[in-house]
Amino acid sequence: MKDSELKRVIEASLMAADSALSMDRLIRLFEQDVDQPTREQIRKAIASLQQECEGRGVELRKVASGWRYQTRPDVQPWVARLWQEKPPRYSRALLETLSLIVYRQPITRGEIEEVRGVSVSSNIIKTLLEREWVRVVGHKEVPGRPALYGSTQQFLDYFNMKSLDEMPSLAELKDLDLMHPELELPRPQTDKKSSLRVVTASGDLAEGQETRH
Amino acid sequence: MKDSELKRVIEASLMAADSALSMDRLIRLFEQDVDQPTREQIRKAIASLQQECEGRGVELRKVASGWRYQTRPDVQPWVARLWQEKPPRYSRALLETLSLIVYRQPITRGEIEEVRGVSVSSNIIKTLLEREWVRVVGHKEVPGRPALYGSTQQFLDYFNMKSLDEMPSLAELKDLDLMHPELELPRPQTDKKSSLRVVTASGDLAEGQETRH
Amino acid sequence: MSKTNSPPPEHLQAELPFAVVKGEPITVPPEDLYIPPDALEIFLDAFEGPLDLLLYLIKRQNLDIVALPILQITQQYMEYIGLMKELRLELAAEYLVMAAMLAEIKSRMLLPQPAVEEDEKDPRSELIRRLQEYERFKQASEQIDELPRMHRDTFGVSIMQSEYPIERAQPDVDFRELMVAFQEVIQRAQMFASHHIQREGLSVRERMSGILGMLSIEDFVEFQKLFDVQEGRGAAIVTFLALLELLKTRAIELVQSKPFAPIYVKPAVKGPEEAHSNEG
C-alpha cells in the first residue's frame, strides 16, 4: 500500500471509530492485506495527519489507549450547542475520591475515608466504577480483604491524557518538622494574649482586604 | 466571526455531530453570537471544507437531511474491519453434518439424518453451501432423487489439505483423545451426555477429569 | 467555573467572634456563623466533612494552618456542629468526632506543660497533618475538574461510514473441532465399524464426488478422460473403484454404442420427478 493510500485509510478509520485506536488495532486493519504497512509507516502517516490538522477545528491526539480525532477546545462553545443536555458535573465528594484513587493508588475505601475525614458513599464508588474511571486492582491483605482501587486507561482517555505522568502534580506537603519552631506550644498563660494578638492582627488584615476588594 | 473561524467551527461541529446537520441547525449554533454568519457565509465555508477533502479518506457530503462527513467508499473495506465482530461459532450439528459429508461423500441429506439420528435443518445445508465447503455433486437415483453432497476444493484449502487422504482415519480419530488429552475441545451440547456416560462407566476417571479442568 | 457548591469565598472576614478588636469588644456572634435551619442542607452539602469545614474556618480568617489557633477554631466549629446536630445527627457524626478531637487538643493545651518535655509533640500536629493532607487532595480534585474533559471541553469525532456492503466474517473452524464432531456422531450412531471406513478409503469417495461434479458440468464424459496417466496406478484404481461405487448406487451410467467404441460416462437417467427435485 502506498503511503498516501495508507494515510487515507488511517484518517477515515480514526474518524469513523467511536474511540481511540491503538497501534495494534490499526495494524489489524491491514492484516488481510498482501503488503501490510509497518508500525513505522503507520506512525509516519499519523504524524503527517496530525500536521494537516494545524489550524483546523479538529486535532488528532494521542491519549492513553491510542489516537483519536477530537474537536479543539476553542471551538467548544459552538460545538457544545449541538447537544441539548449539559455535560454532567461531578460532585466534590466524587472528585476528591477520584483524586485520592488516582494519586494514591492502589488505595482502599477505608484509606480514602481516612484522608477525607468522612465516609465515602457506595454510590460514588459505583459511579466511578461504572464510568470505568477506576477499577478494583486487587485486595489488601488485612482483615476483610478490602478492595484496592486504581485508575484506568478510560480515565486517562476521558481527561485527555496519555499517562498518569501528565496529571497535575500534587501540592507539596509542608514538612512539619522543619516548621517546628513555629509550632512551639503557646503556654497556657500566653495563650489568651496570643489569640488576642492574632485577633488584632487578622482584624487589621481583614479590613485591609475588605477595602482592597 | 472571521471566515477562517467559521470554517473551523463548522468542520468541528459536522465531525462531532451524530447525524447530518441541516443549514438551520448550523445557523442555530451561532444564534447567541453577536456577529452571526449568514447562510451564504456558511455555504461558502462548507464549499471550502468540501474542497479540502480532495484526495483524503473522508468527504463532506450533502445528503437529504443536511451535510455530513463520511468515509469514502474506496477506504471502506478497511474501515469496516473496525466493526468486524468476532464471527459466531458453528453449531455442533453443522460440524457433524460437515464431517459426514466429508467422510461419507457423496451422501444425501437422508443418509446424514440416518447417522445423526435427527433431522438436518435446511439452514445447515444452506450455510455449508454458501461457505462453499460442500456442493451438490449429483442426485441419487432413488425416489425423490435427493441431492448428493460432496466436499469442495475450498474445504481442502481452508484446512490446508491437498486431498482428502490427509484426513485422519476413524481409527486415528479414536486415539485422538488418548493421544492428545490437551486437545480436548469444549463440547457444548454433547458434553453432558458423554460425560454422563463416562461417569457411569468409570466415575473415578470422570471426577479426576472434572478437577483437572 | 466548575466548582460546585463551594463554600462562599472569603468576603466576610471583617467580623470576629467574641473578641476585642482595637479596643472595641465584640459581643454579637458574627452573622456568617449563624446558619438558618433551612440552610442546613446546603451547609451539609457545601462541606465535604469536618476537615473541609475546618479548612474553611481557617481560610475565612486568613490564617495559616500551621499556626492553627485552636481555641478560636474550636469555638467556631462547635457552633457549626451545634446547628447541625439539631437536625441531622446521623450526618453530623463525623463532625462530632472532630469536635471531640478539637476539645481534646484544647484541653491539653490549657494544661500547664512541664518545661523539660521539649520533645513532646504539639497536640495540634496530627490535626495539622491531616488538614494539610486533606487540602492537597482537595486541590488535586479541583485540578482534575479543570482538566480538559470529553463531552465538556472536547468532543470525539465519529463520522458516518459510506454505504458499502459489509462483508460478514465467517466463523473459524478448528480442524480438531471437526474431528471431534465426526468422532462423536460416529460413536453415537454405533453403526460404522472403523475398518469399514478405512477400507473404503476417503480417496474413493472424494473421487466419486469429483466424477459427479464433472458430470454436472459436462453431462457426458469419455471414460478414458477420467483417468490421468500422470496420477499413477494408485489413482487409476481409485477412480475405477469410484466409478464402480457410483454405478452401484445408480448415480451414473456407462454407455457404449458398439463393442470397442469409446465408453462414455453420464449421469443416471433422470427420473420423471426431476423437474421438482432440483435441490442444489
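Some observations on this one:
By letter and in written order, the chains are A, B and C; residue numbering begins at 1 in each of them.
Heads up, the rule we're going with is that contacts are C-beta pairs under 8 Å (C-beta built on N, C-alpha and C of every residue); 3 or more make two chains touch, one makes a residue touch a chain.
Given the structure is predicted, the values throughout are model-derived calculations rather than measurements.
Common neighbours of subunit A and subunit B under the contact rule above are C.
Centroid distances from subunit B, each centroid being the mean of CA atoms, peak for A. Centrality by C-alpha centroid: the chain sitting nearest the overall protein C-alpha mean is C.
Rounded to a whole number, the gap between the C-alpha centres of subunit A and subunit B is 37 angstrom.
Separation between the centroids of subunit B and subunit C, computed from CA atoms only, is 23 Å. We define each chain's centre as the mean of its Cα atoms; on that basis subunit A and subunit C are separated by 18 Å.
Across the assembly, subunit B contributes residues 12, 15-16, 58, 69, 71-72, 76, 79 that each touch 2 or more other chains.
In subunit C, the residues touching two or more other chains are 155-161.
Per the touch definition, subunit A reaches subunit C in the complex via residues 14-19, 58, 68-73, 76, 79-80, 87, 89-93, 95-96, 98-100, 102-103, 115-119, 157-161, 167-168, 170-171, 173-174, 176, 179, 182-188, 191, 195-196, 198-200, 202-203, 205-207, 209-210, 213.
By the touch criterion stated above, subunit A contacts subunit B in their complex at residues 4, 7-13, 15-17, 21, 25, 28-30, 32, 55-58, 69, 71-72, 74-75, 78-79, 81-82.
The touching residues of subunit B, when paired with subunit C in their complex, are 12, 15-16, 18, 20, 58, 68-73, 76-77, 79-80, 83-90, 92, 95-96, 98-100, 102-106, 115-117, 129, 131, 135-148, 150-151, 158-159, 163-165, 167-171, 173-174, 176, 183, 185, 187, 190, 194. Contacts from subunit C toward subunit A in the complex involve residues 2-6, 10-11, 13-14, 16, 19-22, 48-52, 61-63, 66-67, 69, 71-72, 94, 98, 109-113, 122, 124-125, 128-130, 132-145, 147-161. For subunit C in complex with subunit B, the touching residues are 155-164, 166-186, 188-189, 191-192, 194, 197-198, 201-203, 205-206, 208-210, 212-213, 215-216, 249-252, 267-271, 273-274, 277, 279-280.
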